[in-house]
Structures are given as structure tokens and as C-alpha cells.
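Quick one: the structure is below, questions incoming.
Chain lettering (A, B, C, D, E and F) follows the sequence in which the chains are written, and residue indices restart at 1 in each chain.
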Amino acid sequence: MKSDTTAFLTLVEAALAEDIGRGDITSEAVIPADAEMKGFIHAREPLVACGVAHAAQVFYQVDPGISCISHAVDGISVAAGGPLLEIAGNARSILLAERTALNLLARMCGIATLTRRYVEAVGGTQARICDTRKTPAMHRATDKHAVVTGGGCNHRMRLDDGILIKDNHIAIAGGVSEAVKRARDSASHLMRVSVECDTLEQVKEALEAGADVLLLDNMTPDMLSEAVKFASGRALTEASGGVTLENVRTIAETGVHYISVGALTHSVRAADIGLDAYVE
Amino acid sequence: MKSDTTAFLTLVEAALAEDIGRGDITSEAVIPADAEMKGFIHAREPLVACGVAHAAQVFYQVDPGISCISHAVDGISVAAGGPLLEIAGNARSILLAERTALNLLARMCGIATLTRRYVEAVGGTQARICDTRKTPAMHRATDKHAVVTGGGCNHRMRLDDGILIKDNHIAIAGGVSEAVKRARDSASHLMRVSVECDTLEQVKEALEAGADVLLLDNMTPDMLSEAVKFASGRALTEASGGVTLENVRTIAETGVHYISVGALTHSVRAADIGLDAYVE
Amino acid sequence: MKSDTTAFLTLVEAALAEDIGRGDITSEAVIPADAEMKGFIHAREPLVACGVAHAAQVFYQVDPGISCISHAVDGISVAAGGPLLEIAGNARSILLAERTALNLLARMCGIATLTRRYVEAVGGTQARICDTRKTPAMHRATDKHAVVTGGGCNHRMRLDDGILIKDNHIAIAGGVSEAVKRARDSASHLMRVSVECDTLEQVKEALEAGADVLLLDNMTPDMLSEAVKFASGRALTEASGGVTLENVRTIAETGVHYISVGALTHSVRAADIGLDAYVE
Amino acid sequence: MKSDTTAFLTLVEAALAEDIGRGDITSEAVIPADAEMKGFIHAREPLVACGVAHAAQVFYQVDPGISCISHAVDGISVAAGGPLLEIAGNARSILLAERTALNLLARMCGIATLTRRYVEAVGGTQARICDTRKTPAMHRATDKHAVVTGGGCNHRMRLDDGILIKDNHIAIAGGVSEAVKRARDSASHLMRVSVECDTLEQVKEALEAGADVLLLDNMTPDMLSEAVKFASGRALTEASGGVTLENVRTIAETGVHYISVGALTHSVRAADIGLDAYVE
Amino acid sequence: MKSDTTAFLTLVEAALAEDIGRGDITSEAVIPADAEMKGFIHAREPLVACGVAHAAQVFYQVDPGISCISHAVDGISVAAGGPLLEIAGNARSILLAERTALNLLARMCGIATLTRRYVEAVGGTQARICDTRKTPAMHRATDKHAVVTGGGCNHRMRLDDGILIKDNHIAIAGGVSEAVKRARDSASHLMRVSVECDTLEQVKEALEAGADVLLLDNMTPDMLSEAVKFASGRALTEASGGVTLENVRTIAETGVHYISVGALTHSVRAADIGLDAYVE
Amino acid sequence: MKSDTTAFLTLVEAALAEDIGRGDITSEAVIPADAEMKGFIHAREPLVACGVAHAAQVFYQVDPGISCISHAVDGISVAAGGPLLEIAGNARSILLAERTALNLLARMCGIATLTRRYVEAVGGTQARICDTRKTPAMHRATDKHAVVTGGGCNHRMRLDDGILIKDNHIAIAGGVSEAVKRARDSASHLMRVSVECDTLEQVKEALEAGADVLLLDNMTPDMLSEAVKFASGRALTEASGGVTLENVRTIAETGVHYISVGALTHSVRAADIGLDAYVE
């Protein structure tokens, strides 16, 4: 997992540079260079923990002398007031890293917590909750990690790791059959071909053309059920569009294999957490 | 503004790389290299436009041959169905840029729209709505731009462009007076000194020590009114902590100069927008 | 195709820096700054042209004032003495770019020419010639482009765009069935699962476990025929290991869908080309 | 040697990124994160070892926890089946680095082995075998290191570390004498001036103009002998153009000091090596 | 202080690359790879030490095996012949780093020494000696550190950490009042507003407009005294322009708070230091 | 000269980033975004112009819309008050670039002016004035360009473009003869071998060992004359150490070919120049 790790270290470095500029002029003026401090990052509301190790890395990158003890592994439920991360070390260094670490951790916990609610809502069905590519710039990896932490699964990480023929592709290619045929001819033989379908006619056409996966977009539960029936044994099915906590179970009960939810990452509510520090 | 521009171009480049990897294997398989397309990015709900030029830049960076016509300057209110950006050019290029551009634009419109609601809520008072440093990594500049677009103003961009003595600084320094004194002694003579106060005692101590700005954290409206009275003519005042659309007007009516709201950027709901493309 | 283009520009920039250092001290001493020259890059042996546009880009990156006229599109056969690229412009600039451009072009023509011979050798069978990941550092994209130019097709570009379970994966997972099962469970639903098989037992086990593609490694033609029979209608087949121009047709006639050849890129013979310049 | 080392680390980092992308999705799916493995990289044909330490560095850069034991220092002859590098550590990490390490090592051994054959072919003469600048992008340093390992010596590393007046320089300058004069006037007084000569007339002119080194290009053995005689005691001599294992000794026996061979690096045959892993 | 440290490490890396290129070809030819050496960097004239730790970092960055013992902390006065830094380790590595380390150290000592003379010249007055932004590219941080070491204080580090309205701003804005008003309206409430004044009229206008700091440019001592009187209790004062060691005390005695001196960094005389090495 | 140009553009970009940070907060507050201005950079003392085109590049890099007209080519003498560069364009952009451009130009003019004085001091002798590697980090190229502009010539640009055996090399190698021999054996045959000599005995030993260039360090004029006599017709000679404007002619009259002067670049006095702007 070298490259993901490298990418994360680079993101942290860039985020710190973005937040710090040439230095924390307040701490440099007010806090002695050798002052020490300790503290806990606490949950201030119930949440699914995610990113504690990532936050620890932020502190470490600022100053390898900061010691961090994790109190919550990814995926564990934490009550309001529960500890997430214990921190001790040079005071200037801790305060330098604080905001960057909290921003990251609050977002990741927020995503994992929301994903968990979706996953619980479809409990007992075969459906799996997926994310999308609707992530803020540079947050693809950490946002998607938080989805997995919450019990969801990941859709494409990037445009190069899956073939997904969407409405515009179909329109330009001149139809579902032609689009699927082109994909099958020129794409790598190691990849499946998935197609977005808006109607049952497209579902049938896609199946006949040999599609491996059907992305059923903005269909009613009845249409979904029908499409699932057609596809049975021939292709995987995935529902998308307008999914909410209210309607997700109904969608799941149509029998689709996957349900993708953009809001998991494009409309995050940061979890309420804070660094409670104390000076000895 | 060169450096901000440069930073944005770099962010777009990184975001595209993150989303694309080595290429859009679907479009390369399905769409002829020379196919053209046109389309509009529309608002799908009422919103305050923000970032249309930023989104256009994404398309331009992918392919300078794409032509973009902006239909909404920053800050304008757009009704559901209203156009934001018109796009025409090479089909593969447009689809390559689509997700990155939409992610950015949806977030910026979301922030501007929410900020506008806060600003309207305090209309007629002297209070100005501020953001915080609670932004996802690499989004500091665009998030803060969206806050200004919505009518808010910016707090510190980074740790190096303002002196803000917070609770931990005070604890380590051994009190408000000592902290303010140290800041005044060693910081640049071109900067003011601001101090976070949790109690009225701290307010008095800070004023006596010569603080220029008071950050009144988590105070009740009554406490805020009292603090504002003490500070009158001697220091600027700013309220923070637990601010919502419901309570922001009450806070504003205490007479504080600034109200900072973390949720503007840490809990964004992406505006509902989409690219409606058509093939001629 | 932005990102591939960007990667190529970056490679050219790095290659020029590697070859030039701080400048061409000979030309700076001997040739006036404003001297002009013209020239042709010619084939000095029969070859399949590949990379002429890439070479032109090298000249352009050194000096946008150099004009290049391509005389050979990718994939065309050129006789000994035939022209590939015509160049005119500042003499110092042309000489500065010459070696980097020729190194690249000679390699790409060499790969395309050799690939063409393999493709011709299996003419009339269903088998397609594939490359491997055995490319020198930083040449993955251009080497694989040359393979396609020669009529071959590309295997994985990187470790992240295909699932290929090899002998070591099987050994560590504890068998073909278990390895395929794990891949099917946790990998993206947009990808096929391919497995390397060294024996016919493994072929059967892989098919039962639901593998989508079988990589038949170092099998005799008889074994290949047998494996192809088993897999018929259930999985794609690919032969690899010890493939030469002498035995490739026999392998193709076993009915495998793909034949991968490492030597296409790991043992390249540069095509014999040269820049014949003249001063007017 | 810091900067060469730094350049190599950067190349390895880039090569790994090129091969891995965002991760090895096969290993992540199939192999437990904490699985360990061991293995040997063996020679599968007789070769001159070169680059074993470089390959070890690739493993180390992926994961500093991988332990590597070298079994073959640069320049040693290894029989078919002989061990080159012993590796132990995390299985995912080893498989992540495998292809990049093997690609590099196979190329370096291939170059060193071929160079050794040329050096042996001129054994007992005064002639030294040189490389050229005909190396794939980013392989200048490792390719040239392999030439030295095989017993050859290096010509210019880059355009900035030697003055070599070639045919085009002469044509533009208006003759050998003028070109040599210009080089002598403006180049650093710490450098020699070398000139490419195609005829014996040019040899004489170059010597009269005070050239320090003559590059005798595409001359017959008789011409070479003549040129060596003229230059004796006045300039060093070097033969180039069309050198093969068949004719190199005849060339050496003309008395030239250096013979440069482009094929050493532009037409490499990768040595046959492989990683034989075993699970305990 | 992470980011300053990071910036320094990057500068050292770039400086080494600039000085070394692909390697020290002399040492590689003449000195065995494992030769060791020891040495002292000595002052060859009386100076104020500054940058010894920076120089040590250069050696460390070339080779972490080099051991450095500092003999002079920043700010201490060293007599001619006194030791600054003791060095021991690999001979090639030490010679590789030598020039870069000496260039940096000689400059920093030169600046600190000159600053000390200015500070001593105003001893007993309230005036503090400041630097300017007149530093060679990439030396802002180290030059300003040397000024502090010599007893001076720092003016703006960059254009983004202070508001300083200069003559051109005033001309374009249409007067001092308007310029100050605009700055007060749109700049961060955490910053003071400073204004350059060339005349006493401007001083009065600036004070009335609410400026916090007055930069008194090229005024005679009499004018300075007058301006200081006007500003008393209302704004800080700073003198600049044509300051020399001869006139600085007279200026200080006018009562200004700050005196800024461009020559501290734009016209540095490198301190005379050298590496005296010995071989055991 | 691509790479030097590239390096300069990179330096300017870094210098601007260093000076600007996230933007010029003063101009953004005070000057309208579309305000225009014009101005001249004037000499405020007699100087040798150098770097006017470099300064223009700084303005151009900030904003390609700024127009610059050069009034002084490199090497021309300019009287006090004479124009160097005329600038017109967006006011914010010009002020953003001003300090970076002036810092660079003042330094380059300063170096060229001082070099000219040294060159004039040795007028009529055969001696040429050389620089050294004593340049601030990242200024090697521009400082050395200024030396050439002033009439001097360049010594090594970097450690990799010349062989110069110094005292420490000799001590470690065990003597002048051994050091020269090693250099001759392993260094490129395209380079000369130069040796630092402190005594006449070393001069003789170096000549016998076949050195091509003698660096005569800290010798008296009498010793220099003697050394020149010995070396006549066998090696080039260069004097270094303690060279001043007072003693340089005496040194030149000993007959040495080169005289190197560290102060040309390590103790620069910035030329007095300024941007005189006017608003229309």
C-alpha cells in the first residue's frame, strides 16, 4: 500500500503548508520553545471512529517527538465524551498540527458515521452501500476509506480503474449496443463492462450486448425489481440517484446488488470533536 | 493575486490527476477521439452561484480547446433550472473534466448559499459573519472565497497572518496578561493582538493588558452584551462557538463586531447541480 | 488523454535535463546563437514507424520555434532511406534536442517493428499478441504505445488496473480456489479475476472457483490445447513464457485468445535511424 | 556521490509510481496484510552481475522492513542458477516491488554482460571500450554504471561535461579549424577540445588547429591506422561507428585509444533472471 | 517551526544540486571512497557567529555519517582564529559539502556582524534596528535570522504578513486618507495599518485617517522629531532611507521606534572564514 | 540554453513565492484590481548594466500583460539617473513583482560594475579575471553571468565540469604526483587536470606529473613570476587568494593567464537603483 501511504503523506504535508504558511506566529510569541503539553481528542457526540491513525500521522509529521496513543480503532462506535486520541509532546508542535488533524478526523468520522446508518438501514438484504466519485479534491482516498470503515464498499477510485458507460457515452456512440460492443473490443480483457440504464429497454439492450454490470439510474422500485429480474444470472445490478436514508431500504428490497450514494461524501457533516488539552 | 491563482491551478492539476489516473478508459473505448459535444451545467435547486469561473478553468486545464460561457457571476442568486456554465468542445475532454469541475462547483455554491442565509439572518445589525480554519485540506482558498461570495468575511487564512491567543496559549503562558505581553513584545509591530476569552474576568484582564481584539467563545447573549460594553472603544469583539441559523441574530444583537461560524465550511451540503449534455 | 500527455511532457523534460545538464557547451562555443539549420531523420533500415510525433514534441519542447513536418504516421512501413521527420530551425536548439529525440524514436520504432513480426506470425489465428510490464523505468506508456502501433494489445498498464493472481499469491493464499474466492469478495465489482495456472489441475480448480481469465504459463502446446478446451465458454485464455518468433504460431494454433511476450519491451533492438542535417 | 544517489532514489520512486498506480489490487485482495515471504532472485543464464544493490534499494524503498542479502557484487560472473539477491519480508511489499526491481536488474546485468564481451574481444590491446549517450530516458546513470561494471569506460554523461565538435558543428562553423578555434577561445580552460573527423584531411586540419582528442567516425581500419599515426604524441584517438563484436578487435589493433559502441545501451537484451519465492 | 525548517532543507538540497551537478569528479578520481578526514571551520577575522547549525545541516544532508561539533552558538562574538565548527567523517562527503556550507555561513556571519554594529550604534536609545525585504532570492529566512542574531528585528517576511501603504499605493488610491480608509475596510481585522509618509502633511493626514504605524521615509532628523511628536500616543514610528553607520545614532535620537536598514542584507560583505582540514 | 533558462524561470517563481506568500494584502486592499501604472527603473549611481532582461522576466512571470522596454543592454555603462527598464501595466501586478525584480537587478549590476573595475585594472596585460564558486545559494548562474557581463570569465560552474585538485585532495592522495596520476587515470579523457600549488616545489612536481593547469594559491608576485616561468609552454597558470583592486595589476604583470577573485560574488554591494512610478 506504499503509494496510497505516500499520497497521504503528501496530502498531510500540503495541508500543513496550507494551514501554517511560514509558522504559527502566535505560539512562537507566547509559548516557550521547550514547553510541553498533553491532551485528548474527544468525541463530543456519538460517532463511528475513523481516521485516528491518520490524525496521529499529522502530529507525527509535524514533530516525530509527539507521542500519540490511539483510543479508537477504525469502525468502533464511540459515545459522546469518549476518547479518540491521546497526545503528548512539545506544545508548539501540537498546536501547529491541531487544526489540520482535527479537520481531517472530524470529516472521516462524519463520513463513517453516516455510512454506518445507511448500512444499518439495509441490514438483512443482499444490497451493499457504495460511494461515488463525488469527493472534494484530494480527499478521494480518505473519504473512500471512511466509507469502507462505515461498512460500505468503494466504487471506482478513478476513471482508469473501471469501465462505466454513462448516458453521454451512449448518446455519442449511438446506442447501448454499440457502446457496449466498442468497450468490449478495445478495453482490457481484465475488466468488466458496466452500463448506465435509465429504462427497461436499455436494460434489455445492455444484457443482449453482453454487459457485465447494470447501473440502474433514477428508477422507481418497481422498475428496479423488473430490471433485477431481467438481469438475474446474467449481470450484476446497481441502483443510483436520489437515494436517502428514508428510501434506501425500499430500494434494497428490490434485490439490487449495490446502491450508490453521493451524499456520503459530497454533503458531509463534520463529527463534533475537540482537543482538550491540559498543562501539567 | 498571482500566487493564489498559481495555487488554484496546482490544485486543479492535482484533483484531475486524482480523478483520472492514467486516463478515462471508458471514453477512450467508446467515444471517437474527435467527437464533439455541448452541454450546460444547471442549478437543480435555488442557490447562490460561486465558482463558475473556477469550474471553467478545470475544463480549460484539461483541454484549452473547450469553450466555456459563464451564465452566472459569483454572488448572483440562481433559480432551480437556471444555467451556470455552457460548455462546448471535444467530448472526451469534457467528460474527463466533468466530475472534478462539478465537485468543485457544487461545494462552492453550497458554501456561498449557506453563508448568504447567515448574512441575511443578521441583516440590519453591525455584525459581520466570518469563517474559520475548519476547511478540508487544500480547500482553504476556494472555501473562503465562497464565504466572501456569500457576503461573509475571512478570518485568518493561515497561522502566519494573524495573532490569536487561544485557551491553550493562555494556560501555558500562565494567564491572559502574560500571554498578551509576550505577543506584544515579540510579534511584528504590523499586527494586532487578539485573545480568546471564556469569562468576563478574562475580558477585563485582556483589555488591561492591551489586547486589540477579543474572541468571545461560547458566551451567552448576556455575557456577550456585557463584554461588548467593557470593550467599547478599546477593542474589537468577535463571538464564536455553537452558532446556528436559529441563534445567530440574537448573538448579533449583542453588538459584537464579528461572528465566526465553523459549519460554513466544515459541514457543507453540496448544491444540487448537474451537467446536461446533448449531442448534435 | 490529458494525463498521459502530461506524463509524456514530464518525461521529455526530465530526459532533456538528464542529457543536457546546464547546457550544450560545444554548440555554445562553436555555433552562433542565431544560426539556422535543416535536416531529416531518416530510416537506415526497413522499419515500422512509431513515435515520430513524440520526437517532434522533443524538438518543440526545447524550442517552440523549431518546425517539424512528420513524414510517417504511426504504424506505416518505411523502407531503408525513407524519411521520418523533417526539421528546421535554430541550430543550437536542434542539436540540443537531437540525442533525446533520436533515442526515443529509435526505441519506439524498434518495438513496433518487432511487434509487427509477431503479429504477422500469428496471422489468420484468433490469437492476439500482448505485452507485459517488463519495460524500463518511465517507458511504460511509450513502449506500450509502440506495441499497439505494431498491432499488439496491452496487458495491465499498472498493478492497479487488473487483477492477476500469480503463483506467489496462490501459494500464500493456500490454493487457487481460496485465492480466487478472496479476489471475488473484496475486489471491485467492475473487474474480472484472472489466475495464472501452471498445470491442468490448476486450470480446473480455477474454472470451478469462477475465474474469468486463465493465464497459462510455460505450458506445452498440448497442455495449452487441453486447457483451452476446458475453458471454452467459461473463461478467456492467455499463454505466456518462453514465446519466440519461432514458436509463436504453434502456440496460437492451440486456440488461446492472448499470447504475451516480454521480449517486445525488455530486449529491444533500437531501429537504425539518424539525423541528416544540412546547412543552407 | 550524493546527487547521483538522489537521482537514483527519485528514479526508483517514479518507476514504482509508474508500475503501481494506487496499489496492487490483487495482493490487497488475496494476501493478508501481515503475510511474510522469502525468495531469491536467480540468474537463469550465465551473466555478469550488475545492479544487485540497486534492486535491493527498490525493495527497501517500498518497505524498509524488507531485508535483502546480496549474493553478487557488481562485476562478478554468475553461472546459470546462481543467486543474485536474497529477500525476506512482508509479502505484499515484496510483490509490490518485484517487477520494478527485476526490470532494473535484468537490464543492468544485460549491459554489463555484453560490455564484458567487447572488453574481452580487445584484450591485450591498448584500446578501451566506451559507451555513448544512446540510453533510454532516465537510464543514463544506471546504464553507464553497468558499462563500467562490464569493464568499459564512460564517454560524456551529458552535453555539459565535454566539448565534442561533430559534423554539424563543423559545417555551421565553416570548417574544422574555425570550429576548434572557437571552442578554444570561449570554452572553459579546464576542458579539452575533441573533434569528429570523417577524413584524413580533417584529421590533419584538426591537429593543426590544436585539437586535443580526435573522434574518428566510420573509418576503415587502414584509415584509422593512418590517423593514429598522424595523431601520435599530439592528440588522443577514438573510433566510432558500426562497431560489432566481430570487427572490434581489428579496430583495436589500429592503435586507437578508445572505441565507442552505441549498441551497449541502445540495443540491450535483458538478462534472464527471476524471483523464486517460497512461503514457509 | 516545521515549515521554516522544511524550507531550509529544501534550500540546502537545491544549493547542493546547484554546486555539485552530477558529482565531484575531482574527489571521485583522486580520493578513495573510504578515506576519512577531520577539520575546523575557523573565523579568520573577528565576527558575530551566525549559522553554524545551518552549516552543520549542510554537511549532514550530504552525508548523515559526518559528525559536526558546534563551537559557536548564534550571537556569540568570535575572535580571529576562533573555531566555529568541527567536522569529521568521509573525506569525499566533506569536500562535497564544503563550498555550500562555507558560502552560507560566511554570509550569515557577515550579516550578523554588521547588524551588531548598527545595534551598538543606537545603544541607550529606544530605537530598534530592522531589516527590509532587500534579500537575494531564497535567502529571506536565513538573512533575517542573521539580523535577529545580530540584535535587530524583522520587518515583513513577505507581502502577505503586514499592510504597508507606500507612495505608489497612495498615488493610485488618490491620497493618504483614502488609502488608509480602504485598507481599514477590507483588510483582516487582525492587522494594523502602516503608511509611508514623505512629508509632515502626510503624517498628519495619516494620523487623522487612523493609521497605526508611520513609515517616515528619507526625512531629516528635524522632520523625524516633528513627526514623532505628532504621532506620540497615536501611532508607532519608523525611519527609513539612507541610513548608515554614521548617521544612525542621530536618527535614533529623534525618538523613532524603528529604523530600517536595507544594506544589512543587500550589500553583505562575507565574513572571512575557512575550512582548515587535516588528514590523520 | 534551454536548461539555464528553465532554471532561471524556476528561480524567479521560487523568489516570487518567497516574497509574496499568498498575496500582496496591501495592494489588494488599496488598489483597484484594474488600475494601471507606468514607471522606470533608474540607476541612482553610475553602473554597468546587467540583468535588465532578467528583471523584465520577473514582471512578465507575474503578469504577461505587463509591457517592459529595456533601455540598457548588458554591459553598457549607465550614468546616475539613466534609465534601465520602462514598465507599464496593471498596478497590482507591477507592485507584486517590484521587490523581486529590483533585488535581482541591483545585485547583477553591482557584480558587473565591480568586475569591470578589476578588468580595467589589468588592462593591457594577458591576464583574465575569473570568478569562483563563492556565490549565494541559487545565484550561481546569474552571478556568473554578471561577471561575464563585466568582462570577466567563468571558472567551474559546478563540481562536475572541471577537475581541480586542491590542497586537501593532495594531502589525502599522498602528494601532488599521485593525485595528478589518479585524476589522469580515471577522469574523462575530455577534461584537463588542474592542480592547486602553494609552493614552487609543488609547481615542479605538478608539471612533471603532467598537470594541464596550475592554480597558484596565495603566492607572492615573485613566486608567481617564477612559477609562470616554469610552466611556460607546458601548462596554463592561474593566481588566486587575497586579490584586491589594489594588488591585482601587480599580480597580472607576473604573466599568469587567469586571476580568480572571490569577492566579485561573495561580497557584493548592490547597485543603487529604484523604481520611479507615475500614475497617469
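Note that in this section a residue touches a chain if its C-beta (ideal position, glycine included) is under 8 Å from a C-beta of that chain, and two chains touch if they have at least 3 such contacts.
As the structure is a computational prediction, the values presented were derived from the model and not from experiment.
*Asks:* If you take the mean of the Cα atoms for each chain, which one ends up farthest from chain B?
*Replies:* Farthest chain from chain B, going by C-alpha centroids: D.
*Asks:* Counting residue numbers used by both copies over all numbers at the interface, does the chain A-chain B contact come out same (over half shared) or different (under half)?
*Replies:* Same-residue interface.
*Asks:* Where among B-E, C-E or B-C does the A-D interface show up again, with more than half of the contact pairs the same?
*Replies:* That interface is repeated by B-C.
*Asks:* Taking each chain's centre as the mean of its C-alpha atoms, which one ends up farthest from the centre of chain F?
*Replies:* The chain lying farthest from chain F is A.
*Asks:* In whole angstrom, what separates the CA-based centres of chain D and chain F?
*Replies:* Roughly 35 Å, centre to centre.
*Asks:* How many angstrom lie between the centres of chain D and chain E, each centre taken as the mean Cα position?
*Replies:* 47
*Asks:* Do you know which chain D residues sit against two or more other chains?
*Replies:* Correct list: 20-23, 25, 28, 96, 157-158, 160-164, 188, 191.
*Asks:* What residues of chain F sit close enough to touch chain E in their complex?
*Replies:* Interface residues on chain F, with respect to chain E: 11-12, 14-15, 18-32, 35, 37, 91, 95-96, 99-100, 102-104, 106-107, 110, 133-140, 157-166, 168-169, 171-173, 179, 182-183, 185-188, 191, 263, 266-270, 277-279.
*Asks:* For chain C, which residues are in contact with chain F within the complex?
*Replies:* So the residues of chain C in touch with chain F come to 16-17, 20-23, 25, 28, 62-63, 92-93, 96.
*Asks:* Which stretch or stretches of chain E touch chain C in the complex?
*Replies:* Contact set of chain E toward chain C: 21-22.
*Asks:* Please name which positions on chain C make contact with chain A in the complex.
*Replies:* So the residues of chain C in touch with chain A come to 154-157, 160-164, 188-192, 194, 213, 236, 238, 257-258.
*Asks:* Write out the stretch or stretches of chain B touching chain F in their complex.
*Replies:* 1-4, 6-7, 141, 157-158, 160-161
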